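Right after this note come the structures.
The two complexes that follow have chain A in common; it is paired with chain B in the first and with chain C in the second.
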Partner chain A sequence: MFKSKIWQIVKYEYTRHVFRRRFLFSLLSLPFAVIVMIGATLLIGRVSTNTTPVGYIDLSGALANPVEQAPSDDIFDPVIEFRPYQNRDQARADLESGAIQAYYVLPEDYPQDPNTELLYQEEPDSSMQYQFADFVRNTLLSSEDVDPQLVTRLTDGSLITIYSLDGSRQMRQDQWYQIFTPFIAGIMFIIVVMTSGGYLLQAVVEEKENRTMEIVITSVTPGQLMTGKIIGDIAVGLTQLIVWLIFGWIGLKVAGNFFPFLQSFSLPSGYIAGILLILLPAFVMIAALMAAIGSTMTEVREAQQISGLFSLPMTIPFYLTSSIMMNPNGPVAMFFSFFPLTSPITTLMRMSLTVVPTWQIALNIGILFVCAVFAIWFAGRAFRLGMLQYGKKLSLKDVLRKRAE
Partner chain B sequence: MKKIWLVLKTEFINTVTRRSFILTLILVPLIPALILGGMALFGGNDNGGQGEITQPEQSADVAEGYVDQADIITKLPDWIDQGRLMRYDSEDAARRDTQSGVLQAYYVIPADYLETGAIRYVRTDFNPLTAMNEIGIINAVIEYNLLGADDQRYSTYLNPVQVQPVDLTPGDQGQISQSDNPLAFYLPYGVTMLFYALILSSASLMLNSVAKEKENRVMEILLSSVKPTELLAGKILGLGLVGLLQLVVWMGSALYLLRIGGGTLNIPAGLEFPPQLLLWGILFFVLGYLLYAGFMAGVGALVPNLREATQATTVIVLPMIIPLMLVGVIIEQPSAPLPTILSLFPLTGPTTMMTRLAAGPVPLWQLILSAGLLLGTVILIIRAVARMFRAQTLLTGKKFSLGLYIKVLLGKGEESLDTTSG
Partner chain C sequence: MSIIHVNNISKQFGRTKAVDNLSFEVRPGEIFGLLGPNGAGKTTSIRMILDIFKPDSGEISILGGPMTEEKKNEIGYLPEERGLYQDIPLERCLVFLASLKGMDEASAENKIEEYMKQFDLYEYRDKKVKELSKGMQQKAQLITALVHDPSLIIIDEPFTSLDPVNTEMVKDLLEQKRDEGKAIIMSTHQMNQVEELCDRILLIDRGQRVLYGALQEIQSEFASRDILVTPLAPLPDSLPGVSEINKLNGRYRLVLEDAAEPNHVLKDLINQGIELTEFEIAVPPLTDIFISVVKAQEEGDHV
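Coming up: the complex of A and B.
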């Protein structure tokens, strides 16, 4: 009996929001925005890269046996052909006719005198200049009689894996995206929490406004109603999250074809578990707080303004990124990771950057759990008191002071 | 005229005295102020962390060890500070010194380094972000030694060519690059965000005001004594003034914060806002505001209640968001075809043009053309919306849809509104 009523409320709340056009809109708008942004960036990167060949005149003979340029696997950095020229007049003529975008002149005693002229009509972009430097470097190395293994090592560079002292954490240099995971997770968390919390808030105020609440409350207890609404709200949020994750996963697979480093994308599972353990109670807490606000306010618009104030403390860690990042175990980071509203994002950031002592993570999760339970209790109480007071806003004092019933 | 003034006064006073307005007005500058304050307060304990992110090269008080099992490092280059990198013969010794705090971290170069390139880097605090800054040193040392510890060869390897650029363009010489100025980096972002927030917030004030009055039927009473166009003009001017007030307060506090917080953020003292940017900024703000306020007033006139307006505004605001999403691209290449098109297209023009102006010089003809196009659009929109501001439109309770909006805007709305009025 008890279960089935909560279940009905959950189902009602869920279907009511998820099968609305507005929800679909907000669900698709984020992936759409990301796709448009990436597409535009790719397009512009592609269009703006000048792949016209570049000439060089080698007066020293150091580049007598040029190495072949390896084909590039980065579509942002297409290989530019480097053409040898014998004299300046010919190169100049080709530059003016547009056959080459620029040309270098290497001095007679080249490796000793590195001053090289670069002649152009429109300044070539820096990626071309890097390519030329690479080209010269490789040619010089191959012409000197050096162990080929050494040359490969020099060109490929080293691959550093970072370990924590106790060995519990490790990250390879090319897995830098792990650093950004807390940011993306944090932003997604805030969006999901705020949108689904907004729905909940609106639903409560609306039902209160049009007095549906009074009818509903004749057959369920306020506690059941609140629990059902909160669970429904969380389900809506999770739906949103899952859809986005699926989009993200597809996106990664597609992007992996263009950017090879993405193919090895992986996150340690302990890390993911930590993220979930922190975000879930935080989500419950905020949903309950939203419900509480909804039941003390009399107008939708007013309630939305107040709820906006919540997103403010939640985003504080983003503003303080630099000081949290540089010193993940410093006083600022510690303080914000214990304060319930800022703790989800702060803790995520700290976890990705350093070894957070286990007791601190446990304490964070504990605080969030307690706050979540308290918020649910608070919401139920605010609801009971607020429902009967039409036209009058409940103050925080009222909710806390008066003994209900 | 007098009635316009009355409407203007009411709108202005009503909005400005609203609690939420005062809150945003104060809170927005307060956040950066608090952050600045916090940084100044905690900065002392932060190990001077702020500077580190801009200077990744050898930080003085860092000491790291290395265990070279591959026998690659024969000599440390001269430019490495004394005590920055210390040689250890066994990993245990390095680990012990790291635990006791003598070292912050140590590297292990395994015996098969030449084949695999793998290096282990063990840090007390793990922090990958700082790690990325520090590994430059060990990489340099290894490259130096792979090249036979020869300074000449190493410097040739690092910078194979010392480029002496020669511009062969006939006629004028290119602009001097401004990239040395740290302001040049942040300014375009700041200007874009500010512009976006300002235009949007003042335009949505318009939507709120119209939709609310329509919803609670104040409009019906108002229209009995004021002409619809007078009402629209009064609202646009009144709320425009509110926007300007916001602009002045935010800009003023931003300048003030920059002055007092300059030390914390390492901003040079002689920082000035380019006056030309300010002038064009005001022009494009006024035009952009008029355009979007016009659009929003139109939406407000059509929606039956405020809640339905949200969906409509998303569509209208979309062109404003495009430059915001592409801001990186626009700043990178302010004169590429896409930014140019975006800055000429009236709907995206105001924001894009400001970003471009902040990022670099924009040809005068483009500025004038963009402003001209914008002005033309504004006139068209305001006239269309004024037509919309009629009892017939304002009093209908028809459900809002984008199609209807466009139809009414184009002046074909009569039929679509009439057929459903019954």
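Coming up: the complex of A and C.
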């Protein structure tokens, strides 16, 4: 039956926030911002890429049988038409009229003589120059009757995957962008924690402000009330997170059409499990600390200012990115991954950079679990002491020293 | 068997003794008045009964033992510090608070609907609590104290902000609960309500018990030897056994001689052919008892 009372509080706390316009707004604002950003990037990419054809005058005849250019699947690197010209006058006239953006002149002895001219009015994009280089290379190789697969290997290079010695980690060359995962996950974690922590803080202070306290406390224990509120508000945070992840997943699928390299995006399951085991207790710990602060404060505004103090240490690892990246198993990285408030982000970063010894991850999770339990206990105590002290602040000393009334 | 048994409880806040060696009991089927001047320790006593505070010493037995979580469902409480969740619709607020008392949602909804209709709140059920008037919030809070049909009801100033119609309704409701065998502790400064409702009272001052017992007994203890009469014609200047006759507003207050009996005075009046519409042994108003007792306490302190 007591479980069901906790459940009632969870349900109340959850529905109170989730079915509010404000929550819906904050829920949709992030994906909306991301969509706008992606849209703007695509637009800028499209606009800034010059797709005007490029001419070439081949004095050597090496490009007599040009290969067909492969269609591009990258919107930032659209295929540019390469147009052969017989003489410089005509090419120059087209350049001046704007029909072409530039033209190359290959010398008579090409490829023995590599001195190629490029004439333009405005310097073309480097991507166009890479495309022309590929075009020339492919055409030369095709005339030598080389296996087309070999051509591809020669021009594209190898796909290198790095494995750690114990085989627990691997990193593919074309998945370099996964280095950003801990940053994105970290920022999302902080936003979610601060949001649900903020709700919790508000809920606890309100409970004191509107004096419902005495009725509630003669119905349930402070522990039940705190547990219910913490679970409820964490559920609100998780709802937010899940909705964002769904948006992110959809976004990734959509973006994969434009940026093919994103299609290979994947995270090893061990990494995800590790992240969850670290983030969940950290989440509970911070939420409970927020509740404890709420119990000792008398005004929502004041409490929110104090809660800002939590987000600061949480972001410290971001400032230390370079030092953690240089030496992910070094003393700095280790210290910050054991300190409860910096632990989530630091460990996220380390795990994506190196093999973190299992004992360290276990110790990390252990520390966070102990801290989470302590924080809940602390919150319950602060609440019990603070609940009837309307309009009076409670000091840390009071909470730790006073025997529970 | 008593529902609450308080035995020698004391509670100190800093250097002030809020409650000092207090004992009393509350029985089922009675309305028990908890009275006292401001700061006497009434709220502290209630909070100790409800296990919000623990007494420094002494024991409290509630529903036959120490407070447990199950027993909380058996208690209805209207605290001195009024408060409901402000930002949600009235009905949801009431259903949530009822569910914390162990009611399942369906029966909570039914019962709350019934009460809201009785209290004229039904049409406001979808309004946010903060949009309701003070009196409406007061009624809503009373619903919260009563909806789960508790066997112990503790109410602090139940009649504030209520109009006369609602006051009567709440009084009837409390009497009905008493007749059902519930125990009701009522703390109030409205002495006329205490006189009308309470079976027994406890008057405390500075944390200590000053008066305790059945209201009628206390009142007769404090009764002076006065008689109130309302005759149709003016009374003669002197009456046998009466030492003093005071006229007040068509009524007379007769102060009896030490040996005289009210019965004899009545007989004399009838024998003299004086027609009466009222003959009453003057019971001192509780307010007077309250004031005289509290003043006596203060004077005792100064000696």
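The rule we apply is simple: the second predicted complex is superposed on the first by the 373 of 405 C-alpha atoms of A that agree within 3 Å, B and C clash if a C-alpha of one lies under 4 Å from a C-alpha of the other, contacts with A are read in each partner's own complex, and residues count from 1 in each chain.
Everything below uses one rule, namely that a contact is a pair of C-beta atoms (placed from the backbone, for glycine too) under 8 Å apart; a residue touches a chain by one contact, two chains touch by 3 or more.
Note that the structure is predicted; figures quoted are calculated from it, not measured.
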Under the superposition described at the top, does placing chain B and chain C together on chain A give a clash or a fit? fit
With the two structures laid over each other on chain A, which partner does A:27 touch: chain B (first), chain C (second), both, or neither? neither
Contacts for A:16 in the overlay, against chain B (first) and chain C (second): which applies, first, second, both or neither? second
According to the stated criteria, A:221 is in contact with first (chain B), second (chain C), both, or neither; which is it? second
Comparing chain C with chain B, which touches more residues belonging to chain A? B
Mind working out whether A:277 is in touch with chain B, chain C, both or neither, as first, second, both or neither? neither
I'd like to know which partner A:235 touches here: chain B for first, chain C for second, both or neither. neither
Name the contact category of A:361: first (chain B only), second (chain C only), both, or neither. neither
Identify the partner contact of A:67: answer first if only chain B is touched, second if only chain C is, both if each is, neither if none is. neither
Overlay on shared chain A, then closest C-alpha pair between chain B and chain C (Å): 12
Under the definition above, what is the set of chain C residues touching chain A in their complex? 47, 50-54, 69-70, 72-73, 75, 77, 79, 81-88, 96-97, 99-102, 144
Residue set of chain A touching chain C in the complex reads 1-2, 5, 8-9, 12, 16, 206, 210-221, 387-388, 390, 405
Given the complex with chain A, which residues does chain B contribute to the contact? 20, 27, 31-32, 35, 38-39, 42-43, 45-47, 49-50, 52-53, 95, 98-99, 107, 113-132, 135, 138-139, 142-143, 146-147, 155-157, 159-169, 174, 306-307, 311, 314, 321, 325-326, 328-329, 333, 336-338
Which stretch or stretches of chain A touch chain B in the complex? 22, 25, 29, 33, 36-37, 40-41, 43-44, 47-48, 92, 95, 104, 106, 111, 114-123, 129, 132-133, 136-137, 140-141, 149-150, 153-154, 156-165, 169, 171, 173, 176, 178-179, 300-301, 305, 312, 319-320, 322-323, 325-332, 352-355
